[in-house]
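Two complexes, one shared chain (chain A), two partners (chain B, chain C).
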Partner chain A sequence: MTRQIYEAIVDGILGGGVYALMAVGLTLIFGVLDIINIAQGILVVTGAYLSYALSVHLHIGLFTGLLITVPAMFVLGVAIHWAFIRPLRGRERTSMSLLACYAVAIIIEGVLYRFFGPGYVTLRASYITSSIRLLGFYLPYIYLYGFALAVALVAALYLLLYRTKFGRSVRATMQDQTAARLVGIDVNRVAALTFGIGVAVTAAGGMAYGATSGGFSPNSGYDLISRLLAIIILGGLGSIGGALVAAVFMITVESVVDIWSPNWAIVVFYAALVIVLTVRPEGMFGRAPTRAQ
Partner chain B sequence: MGPHRARFMLLGLAAALTAALLAACGSSTAGSSASAAPKPPILIGASLSLTGDFSADGVAFQKGYELWAGQVNSHGGILGRQVKLDILNDNSSPSQVVTNYQKLITVNHVDLTFGPFSSLLTAPASAIAHRYGYAFVEGAGGAPIVFAPKLSNVFDVSLPIANELDPFVTWIKSLPASQRPATAAYPMANDPFATPPVQLALSKLAPAGIKTAYEKIFPEEVADYKAPADDVAASGAQLVVLGSTDVPTVSAFMSAFEQQHYNPKAFIAAAGPDQGQAFISAVGKANATGMMVPNAWYPGSANPLSQAMVKAYVAKYGGTASGINADVAEAYSVGQVVDQAVTHDKSLSNASLISYLHSGVTLQSVQGPVRFNSLGENLVATAFIFQWQNGKFVQVLPAGAPGSVKILYPKPGWAG
Partner chain C sequence: MSAARGARGARGAVRWPGPARSAAAGPGAALAVLVVLALFPRFVSNGLATTIAVYAVLFAAAASAWNIFSGYSGYISLGHAVFFGTGAYTVAIGARDWQLGGDQVFALLPLAAAAAAAVAVPFGLVALRVRRHTFVVITIAVFFIFQLMAFNFSFTAGSTGIIAPILNWQPATYNEPFYYLALAVAAGTAGLAWIIRGSRFGLQLRAIRDDEDRARGLGVRAMQVKLGAFVISAFVTGLVGGIWFYFIGEALPQFAFDPLFDLSVALMAFFGGLGTVWGPVLGALVIESAQQYLTVQITNDYLSEILLGALFLLVILFLPRGVIPTCGELITSWRARHRGRAPAGHAGAGQPGAGQPGAGQPATAGEVP
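For the complex of A and B:
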């Protein structure tokens, strides 16, 4: 039993990396634009389909393909922001953005159905099914690579936000949009680029998701969105590092409980969220709400 | 009688004769025009999962229904009337399927209804059809939850799923002790289709001395199945009986097993490996070898009706015979059974149809003979076990049955 628990913890940590890749874009977008991108699930699936298309039709490896899919998804993100998010104004903006993102999800799902059909497809590569034996455990390469990619992306986003001029603009916008405007920051441009970056990193999450799930279809996004939302809420809305830690925590808890009861594992996943939020409503790494002036 | 009166009567008689002649001509004309006008088509309504979790199966079902309708129409239709399908998308939702059948019956006024895909959707849909007195002939609702309400209008043309693993259980029990798996794992998706046959297999294998190393039900909606699959691998069970509903579930388990360098002696899944090309694309031809699945039909069936359907399918949709999804045959069988019943009754009366299907008559389908018991289960459906062997989907059990080839056992290692 002890060995099983250790194995579940290792599974949880590695699997958490994959979920972090999917969730990090969602939390970044929320942090800057103050909107919940309900379309994140379908964007993950879109990333998976792009990797699939490059792999099957152009024989481009899954990781090499990211050099194409990440920029492509960036363009898609900027386009979505320009067409659906930017026009939203006024006090209803946040709630209307939920509907707009839902519409985006429906549209993208329809496009995926049109191009790829309703059947399941799978990403295939030698490192998806092979593993390395370490300390008595078989560690699948795809999860190791996925975890490394998650850490690298979180670090890159951290550097972008905290070591660049653009990052300062983003953080200023996150803190107070009006004040950011007053100091000359083009808030609309920052928002569009941030949305693009959030969707771009989701390309990596999509590839990892496609490689670790048994198969995916245009409909698969719906199974993801509630888990991704739970992760970013637990990690603290807007916190990139928090998304990684929360993903690892949640998937590890789920994986350990799964040893006794797979059905309860999913319940515990959300119960853990409720408990943490009761103790710390802003999430693990979220900013404490400031008092309204 | 005066001449004037006689002339008047003669004129009256002539007028009456003329009127009768005109009336006769008129009715004759009316009759001619009625026979010349095309008869209205028979409208058949069905709700299918064209999007959502069951979309791959739903689309295969749609192909099966449309293939059948095309074949029937090309042979003059039913009762001299063409068949027209009215298919609505239920997005794999049990609530939407109810709405769809309500609409098909009360708004679209379909003459007949065909069933949806999956027991999960058939159960609520059949209650709606029952409310309006419609016969509900279906091909993918073989789980006990469909028959539990004992509705008189439900008829499942396929194999009842609870006993579908019986040939496999019999074969395992027949193995010499030295070859028989000592331990077994029973992971099951939380689905009315996936759980009953695996639980029944467990209840028969455990008393035969096969120790249960793992038995758990996992939620079907999770995005990956690595955790339960790793638990099965950790159990080291020599036999895996997976209660699955689709290809991704089986593919995820296979992938996790390979990652853990775990290869059971036998691996059978309730569904997934029967999905033809979709399964091979997901797991690869080499890794598929040795994988087993229960079913009542396979593309290589010697049944002449099946062979004709396979030929028509390839002509219409392309591809190869082995790539045909078993759902196509299930849907096609629904059409065949309804066709035979309506043709016999010479009527589209649903009450008459229900009565005829309950009469104990044996009908023919691409899946083999069909005869219903009082619950609407197909009493004469035969369960077979199929196995992938080097890219071919072949019948292996019951051993010695016509069409069965030698089973590949133990399962070869993963191809990597």
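For the complex of A and C:
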């Protein structure tokens, strides 16, 4: 029993790293653009399908394939922002952008059905099936690789945000858009690039998700987005550190509850969200919202 | 902004050209539409057409109910499928466990509405503490909890679902009772939406939409008002869910708790005009008919999904305020131009200069033709 719990915790932390990567993209987009990209879930699935298509049809390895899928998803993100998010203006912008992202999501879902069908597919590679013996139990290599990838990318994002000029303008935009505009930051460009980066990480996240989840279908987007939303709300909207902590925490809790009841594990996830929000509506690391002027 | 406009209209002291006239024309036009819809099955007996009509009218009720909460208060709910599914499952479980058959099961419909309203109270108490994005996300999260519960509990029969009792009705006129029932609910909901919009309660809701903090400062009990609208909205949605269950004949978790339901009602309201009385009804009649027709014509699921999404994007990008407000504006501006020319023709009918600040006064003269 103790060993099972121990194993579940390790699984949860490693899997949580992958979710953290996807959630950071989502919370970054929120911080800069003040919109929630409901399409993030289906974009993760799209990333997984791209890796799948590359490996099946062109025999490109999953990790090598990221060199193609990450830029491709970046371009897709910038395109979505340019076509559907940027034109939205006015008082209803918040709800409009949510619905626009939702509409984009169901279009992408339909396109995935068209090309890949409703069945489940799995990513194949030697490191997905083979395991390493670690501290008394077996762990597929992909869990370690996926976690390493997530850590590397989150670190890269951190460096981008905190050590570059672009990162400084992103953070300035997150803090105060009007002031950022006043000091000469091209806020529209920052917004487009941020949306692109937020979507680009789904390519890596999707590959890791596809390899560790044991199968995915176009329908998996709903399950993913609801978890991701729970994670970023729990961590506090717009807080990157909060998203990291919440992702690892929630996936670990889910993984532990899964030992007793696989069917109810996901409910615990949402129940935790509801409880936390009743006590602290701004999330664990969020700032209390200031009154809009 | 519109709350202020409503306040003037309610007092009746100031003639306010646009909304005042549309409010007066509203009941007449609505009555005409209702008569046409009521006579519809008399002239059309095609089974496919009446089936589509039942769905369209059911969704008119659902979209109107959604609008009573989300349109008036500005809190966009993407969790109304919770009430829809609760209504459907209440009727399904009641009919199964109490062994009701035939027409008896319709007696369960009030129970479906009451169950949905009962669910709305704790749901609202948690979700309405937060605003904007967080509210939307909480409604989505609660929605998924309910879908998972329907999948996992034994009394909902999980993914097997529950079959509706068989109704021994003539196949030729099978749809008719459903149609009239749905029409009665839709008409009742639209009427309710109309009454609420003109009432103090509706004014408080729209004040919350425009600026919740200021509304609270002015003495609006925001939580009570929001929760009241949420429960009313849930009540009707549960009723619609119950009727839908009989009509479609079974309750499955993925269809009773369907994320596309949330998106559809929101799309209908946005298409017709969010926060207007007749917009969601119009949106539902147009979009649901088109969608049902397309689903029959195009057998590919994914294509109808892509079309729904594309239509949604088109509405958001090109008609962001909805059909009814946009048309209303066009008519008002056309009338204003028309009116501007008319006095110039009749010498002494009115001074053109009066058209600047007090544009409301010459309107009475220009209104006659």
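The rule is simple: the second predicted complex is superposed on the first by the 275 of 293 C-alpha atoms of A that agree within 3 Å, B and C clash if a C-alpha of one lies under 4 Å from a C-alpha of the other, contacts with A are read in each partner's own complex, and residues count from 1 in each chain.
One rule holds in what follows: contacts are C-beta pairs under 8 Å (C-beta built on N, C-alpha and C of every residue); 3 or more make two chains touch, one makes a residue touch a chain.
This is a predicted model, so every value here is computed, not measured.
Engineer: When the two structures are laid over each other on chain A, do chain B and chain C clash or fit?
Structural biologist: On the shared chain A, the partners clash.
Engineer: Quick one: classify A:D11 as touching chain B (first), chain C (second), both or neither.
Structural biologist: In the superposition, A:D11 touches chain B alone.
Engineer: Answer with first, second, both or neither: which of chain B and chain C does A:T129 touch in the superposed model?
Structural biologist: In the superposition, A:T129 contacts chain B only.
Engineer: Now for A:I233: first (chain B), second (chain C), both, or neither, which partner does it touch?
Structural biologist: A:I233: touches chain C, not chain B.
Engineer: Scan A:N263 for contacts with chain B and chain C and give back first, second, both or neither.
Structural biologist: Both partners.
Engineer: Let me test your reading of the model: by the given contact rule, A:Y138 touches which partner, first (chain B), second (chain C), both or neither?
Structural biologist: first
Engineer: Contacts for A:G214 in the overlay, against chain B (first) and chain C (second): which applies, first, second, both or neither?
Structural biologist: first
Engineer: In the overlaid three-chain picture, which partner chain does A:E254 touch, first (chain B) or second (chain C), both, or neither?
Structural biologist: First partner only, chain B.
Engineer: Is A:V111 contacted by the first partner chain B, the second partner chain C, both or neither?
Structural biologist: Touch status of A:V111: second partner only.
Engineer: Touching A:L277 in the superposition: chain B (first), chain C (second), both, neither?
Structural biologist: Only chain C; A:L277 stays clear of chain B.
Engineer: Overlap of the chain B and chain C footprints on chain A, residue-wise?
Structural biologist: Looking at chain A, the two contact sets intersect at 109, 113, 263, 266.
Engineer: For the complex, which residues does chain A have touching chain B?
Structural biologist: Per the stated touch rule, the residues are 3-4, 7-8, 11, 15, 109, 113, 117-122, 124, 126, 128-131, 138, 140, 209, 212-220, 223-224, 227, 254-255, 258-259, 261-263, 265-266.
Engineer: Please give the residue numbers of chain A that touch chain C in the complex, ascending.
Structural biologist: Within the complex, chain A touches chain C at residues 30, 35-36, 84, 87-88, 90, 92, 94-96, 98-100, 102-107, 109-111, 113-114, 222, 226, 229-230, 233, 237, 263-264, 266-267, 270-271, 273-274, 277-278, 281, 289, 291.
Engineer: Inside the complex, what are the residues of chain B that reach chain A?
Structural biologist: 50-53, 55-56, 58-59, 92, 190, 216-219, 221-228, 230-231, 234, 246-253, 255, 258-261, 278, 281-284, 414, 416
Engineer: Considering only the defined contacts, which chain C positions touch chain A in the complex?
Structural biologist: Per the touch definition, chain C meets chain A at residues 74, 76, 78, 126, 129-134, 136-138, 140-142, 144-145, 148-149, 151-152, 213, 259-260, 263, 266-267, 270, 274, 300-303, 305-306, 308-310, 312-313, 316-317, 320.
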